[in-house]
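Next up, some structures in structure tokens.
What follows is subunit A paired twice: with subunit B in the first complex and subunit C in the second.
Then we have the complex of A and B:
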């Protein structure tokens, strides 16, 4: 029983990370109908920049974990702007339907290669800001960092939701998502909103990176699998449903942990992908996705 | 105030406008009538920057706005209530109105009396006041049309473009919409009105243009068009 609870808790914490990355996919999809397939690499870069600032890889640590967060978030946002300007905007402007897919994948590969050259091929340990001694909850042992991961994910999503509902800029983002032409008529610079959504998307990925790094390892290849799984989560939950990515993320995180323990770690990625295939064949808009009916 | 000269525009390779010229003076209500597919909405879209014209020029208060993106044209004081209303369905009525005032609420904008304007917009459209906190997508067609107009007014525009405000509405609501247009005219609002209800449109307008196949075929003071036998036969149901 205690083992099961423990698997559920750590699965949920991992799932929240998937949710945060999936949230980034949603943010760009909403405003521009495009996705950044280099989301995993944005996460990896965020984690490595965070490690450089807060770890002892380049003569550091220069900052403690908490002070490292603002520069990492800023770095993530700038990285998103670069991806949008170089990879996505030209494709949108030339009305190329699939150009952005290739260019965001290409940029992701470039970022990974650069990271390999700067930080090396080996995985590096990320110093944990919290005690590494597990806490005991109802017989299950949970790492304090896992709780921070879940809390950080929730805080970030609530912050974005508040921004969208309360501030005029957030309302403009929502308006751009629902009707780009009409938003333009309101005086909203919708190209800038799309750039912003890419900045937000990479910023959340970078945030996810520094949250997950202390419980995993940090390295140039850390983002690829996470980015792919979060993509599955976005599809399972629905590309336009905020609740969907949380449920989808936790579902995937928990099934992975359960399969890893009760079946074999070799198979732990399989159930999630089966779920993805099931959702795509039964409800392609995702478990919580709204099918958009185009009125003519 | 608003002057369009030899405007041509196309959707892909299909050219839709073949040299349209028209002008709207300050304080005037000008209507653009014509049958379906004549190019009325395309003209409106070209003016507000939703569509890049292929040639010709559009000037707003002496300033060339041809080919400018719509968000910049909006900042110069031109509001466009588009065909099909295009309210933001997932946001509340109030949020839709605030988005209409986006340029005033954001950096570099002249905020003015936003709360007062919000109140005045809801006075002009009392049905919206009752539904202030409802999502725009849950409103009826007539209410959405009123929201689209109120939202455009929140810009405090110098020129207001109204595209088919009566489209798909019950006759009694159409009457209400035209009463509001009349009231805006009394307040001195400069308007360009596209309508299929030609008789009603010519009834409020000072000047009218008739469009046919992407060209202006007839123009003149509204009263004169109302009595023009050709216009009557084609658009006002006269002679049937």
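Then we have the complex of A and C:
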């Protein structure tokens, strides 16, 4: 029993890590129908900038963990604007169906190489803002930092949801994602909204980076594998559902741990991918996604 | 000044220049290793060690009156990059020999090109037992792949001896990564355990970049493991150590020499304390040669906290340059087959950092490191030190073939 609980807890904690990253894929898809395939790199840059401010890699620490968050968020937003302006806007303007795929991947690789040159190639430890002693619940243990990841993910989603529903800017975002042309005719500057959604997306990625870095390790290559898993989560949960990524993330994390323990650690990644294939064949818009009917 | 004189001067100058150019024409030695990614502490330390040795040799006048020149390439620990680099070094750079490889998979994929081109290659880090055994007679009359690192067969035996023999653990778990390195090492560990009549209670694996080891550790814990034997690289080993802390379960870690890598020790922090591993070299100046080597390395590269990122790689990288240089000198030539033959019959003893190399290779033995050379190291206060005092006091361990 304690073992099952431990597997569920660890799986859920891992799943929340996937969910916070997956969340970034959603905001750009909603407004522009495009995705930033450099999401993992945005996460990595956020974590490394955070480490530079709050860690001792560059003569620091200059700020404590909590004070480091605002500059990291700002950096993330700026990085998102750069990605949108350079990689995505030309593709949208020229009505290219796939140009943004290549350009966001290319930008991701460039960011990774820049990070390797600035911060080196090695994985670095990130100082934890919370005690590193595990908490014990009914015979299972969980790190305080893992709880913070889960809480951070929920807070982030609620904040974005509130912003969309309550503020006039949020309504512009919702209007753009519902019907970009109609929103444009209503006087909403839709290209600005798309830029904003990229800023928001990379900002959440940067936040996710500093949130998970104390649990994972920090380094130029940290985002690649996680970004890919998170993409699977976004597809499983649905690209337009905030609840979907949480459920999808936890589902993937828990399946991985259960398979690892009860079947074989060699097959730990397989059921998640089977789940992805199943969802794609049965409900292509994701478990919680809304099907968009495209009229031709 | 008449025209003829000017012409003569010109001719003389040209001849001199040409002669000078010939004398300065350097001997190119390839260096291939991971300078980026999780294995980079090994690759970078190896390259830096090799650069030290090259600078020393060049300062003393070079080999055959020519300077040595290292041609460095980053294989990114990727098999396909390694293959490209091998072809580039052979066909474009025309290297006389290549030193390197930290990753068994890369070494296995790349060395074929050297074998075909009849150019010697010394593997100075990668430890997979198969690396030197791909090109054996009768199919290949001559093997061009040499090694001066402790291969997995030796390491696995030492790990098992430490765990089962010296420390009397009877229930062991094996945790390894899913790369060639981890899986070939796991096979060697299982063989060495079988020789002692022990069967691992849990054999688990994980992927590179996995961030959570709960399932693997729980299986080991539930099977009653008293010790964890590892075959993986630094960052994931750190996740194993940190994962044990999370589960509130602490058993000793004994594993391959990668437990001495800085990216394990730093990322696992206090959880790395007490981890033990076989080492050909520990950063401790207990021979005169080691003292000068360590001082030269720290002076040249000034690594953080005065700690060589991977001391073993640095020492083996340094020694491999002397091995190849001595072979070129003895062959009196830079032709591959002659250099290979010289490596297989080195007459002069080489006072290396790891050991004194006395006929390290023969035609049928391409392993310079024998089972008696490595010692057991232990992580203490963020540094790797000797686990056993008698091994520290007995630094000079000669090859026994």
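Just so it is clear, the second predicted complex is superposed on the first by the 287 of 296 C-alpha atoms of A that agree within 3 Å, B and C clash if a C-alpha of one lies under 4 Å from a C-alpha of the other, contacts with A are read in each partner's own complex, and residues count from 1 in each chain.
The working rule: a residue touches a chain if its C-beta (ideal position, glycine included) is under 8 Å from a C-beta of that chain, and two chains touch if they have at least 3 such contacts.
Keep in mind that what you see is a predicted model, and the values were worked out from it rather than measured.
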| item | value |
| --- | --- |
| First, second, both or neither for A:143, with subunit B first and subunit C second | second |
| Touched partner set for A:179, first subunit B, second subunit C, both or neither | first |
| Touched partner set for A:122, first subunit B, second subunit C, both or neither | second |
| Which superposed partner A:246 touches (first subunit B, second subunit C, both, neither) | neither |
| More subunit A residues in contact [subunit B versus subunit C] | C |
| Shared subunit A contacts, counted only where both subunit B and subunit C touch the same residue | none |
| Complex contacts: residues of subunit A adjacent to subunit C | 3, 6-7, 10-11, 13-14, 17, 116, 121-125, 132, 134, 136, 141-143, 215-217, 219, 221-222, 224-226, 256-261, 265-266, 268-269 |
| Subunit A residues within the subunit B interface of the complex | 168-169, 171-172, 174-175, 178-179, 181-191 |
| Contact set on subunit B toward subunit A in their complex | 48-50, 69-71, 74-75, 79-80, 82, 86-91, 95, 98-100, 102-103, 105-106, 151, 155 |
| Residues of subunit C touching subunit A in the complex | 35-38, 40-41, 178, 204-209, 211-212, 214-216, 218-219, 222, 234-235, 238-239, 245-248, 262-263, 266-267, 269 |
